[in-house]
């Protein structure tokens, strides 16, 4: 979010802009990028000032704002970067699917009723952060065994392949690059999420055997690893990103800035998008000093810095209202 | 490949050299590297101009050449970088094995007849790109179940260990560095290939159980991850590269430029080379801005740039014919 | 280790200091970092001069010292960087556990007697380098089947989760940063170790099935991959590092310089530290040109360079005796 001392006078006054964010998730990168673009920074923390920023002088916010709860933060949020409208389309899994599939982006099949499970599926709960509670079921019996009563869920086909979390940036202000109907699309990196305990429990034995000692896979994101995509997949990756953005413009005025398509690439070299995140994702933290992709646009360009750059550009052009909501 | 307007006059005329490549695989890196070394660049595409280069201004070719088919490209190939002779030794799996084993490079055992399969083996089809169709068999029954009739194949022992794809560069022009009988050897990076669906299907359960729902591992390369080798393995890694190059000089005048030894390191810390690629491999795309290895030769040196540097050096020394074929 | 021609005059004489290390493990990085900080470098090799440094001109030591055996090296070690006392606390697994648990760092449970194995456990031999010989046992029968007689071992609970090897640097000299009771703590990177054959044997089938062909997991480190931690885990990561350092100061005067907490993050987002390495670890070799963490302290800062910087700082302040032992 961007705070302004005085909204009226801001467009001509660079000194007045402060980039603020909550002290978690991708804050080091956001503060670092904002500093690189000449902004002052504000870290919002719950309770007390986090000490770990002291170890990262290039990413330490200029000031801290201590609050009692996340509710306080939402109350004070001045001008979030991006389009607020997108949240409604992202958090509701039905709407998210409507958005992407109507854009022509291929998703894993949706299974409407658990009784209809006829192949491996992945079950996720609504609003669960970072994969918490999700499970794999190979049939209806599995499903019944694992489902927690009273919670809203979706059932998706479990597509087998390799996962790529593609970091895009959509700029409504850009006048060159990969041109969309308005602005341009960039690709700043790709990561793979690292999940406990699904990513390493195989070391202990087969899932079928581990079940007997009551151990089941879980899907909690604990970190990220860098990857690059097979280059012949890039045209498809851009086409998917383009479709998602263009459709967002038609549906709700457009998502702005960073977003991530969370994909599986099958052995037929087809993408399946199992989710969209319409914000900076933690996987971008790998690329503080640039990625094999962003190095081809501008060396040293992280997603955090790209956000700051977009705000600066908007400010210079007197178009801040187009990127803040 | 390198195009020349006029072969006769080229040696004294830097402006005349154009680095050209097909718009796929590692083209971003090749264009980027060629630009860094001051070359003009030409992207050869089938059908229409690919749009994704617009998103990567530092790797966008200066011009495009649109062709109807790959055959057209081969017809027009002026002067490919490297030694054409190497292709005959790489594409024929028998000759490849002859080359490497006669060089003293250790390979997984070859099983001559499927009836003789007495341990886990890996079966690959001739000429199959990126692992397509390959399969694991633990015995003759497995083999018969999976083999596709009418296709030429090889059967190699399946060596268990961790995989390292080592990116070498052999320069016949270099006068210092890791010296070979002529020129010198460099190591520019190491990656691991990421394959659908073998790399992630374990998440769904044991292979033995997945077979019942007719799901079998496949080995299609979809991307790459960066790795570094245990440092005590470096002397062996250089020795293997050296042997492969020296033997290539004896056999067919030498492979030139980038090549990759595709290795498995066992728990006895021994290398087994299951394949050699005598060209730039896609794993080098990770290291557009340098790798933990190339950073120790020259910061910012990708394999794409190293190729361009070699052409430039050859040109300056009037020795282009030694690196183009 | 740091060699001095004349200990008496060294504090005022920069030219006299030579950074020396054994030609293995992380030597490229140490030589590179020492050169970056203006030191002369000495490579100590057994038998003959290793050739692979020729391929890495920025990391090639100025001179080599050839010795007959490791014993010779220990005899000649002038002034090792860091506190010698730490070795006694690291190599003895009982003392290591005492140190960390008394510091309040959470470790996997220790099983005193093999008869008491009531969950999956990991068995390691004393003094075994890089995981050699270690094995997983799910019960007492497993243990009896795999244990080698006559060797000293420890039995730890096998915690399921994802592994992060966190590279810290403790500077007793630093006057700002993440402040400890004396000096400050830095975090320079995170890697994951790559182990043959546990990390890839799943491709061949379930462990339960592979046992029938007498194939069992082994844990020999062959390389490293870069990772980043979920940012919300950073406060805990620093707290753990801080506790380990403060306790080391109380116990034996403090470990100095690089150390690594080898952790598992569970799906409850809790760290379990299964080992501490009180020196530069090989995973830092990934970050020769900086990591997503060190890029936020000073671009281009490897652990090797950080060590050299610390020596230089100590020298400038006339405090060499505080960082050499």
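Per-chain numbering from 1; labels A, B and C assigned in written order.
Operating definition for what follows: a residue touches a chain if its C-beta (ideal position, glycine included) is under 8 Å from a C-beta of that chain, and two chains touch if they have at least 3 such contacts.
If you're wondering where the values come from, they're calculated on a predicted model, not measured in any experiment.
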item	value
Copy pair subunit B, subunit C: interface residue numbering same or different (half cut)	different
Subunit A onto subunit C, rotation angle from CA fit, given as a multiple of 5 degrees	120
Between subunit B and subunit C, centroid-to-centroid distance (C-alpha), Å	33
Multi-partner residues of subunit C (each touching 2 or more other chains)	202, 206, 208-209, 225-226
Interfacial residue positions of subunit B with respect to subunit C in the complex	119-120, 136, 138, 158, 160-164, 176-179, 184-187, 190, 192, 198, 202, 206-209, 217, 225-235, 237-238, 265-269, 290, 292-293, 295-299
Complex contacts: residues of subunit B adjacent to subunit A	24-28, 32, 50-52, 54-59, 130, 194-197, 199-206, 208-209, 213, 215, 218-226, 282, 285-289
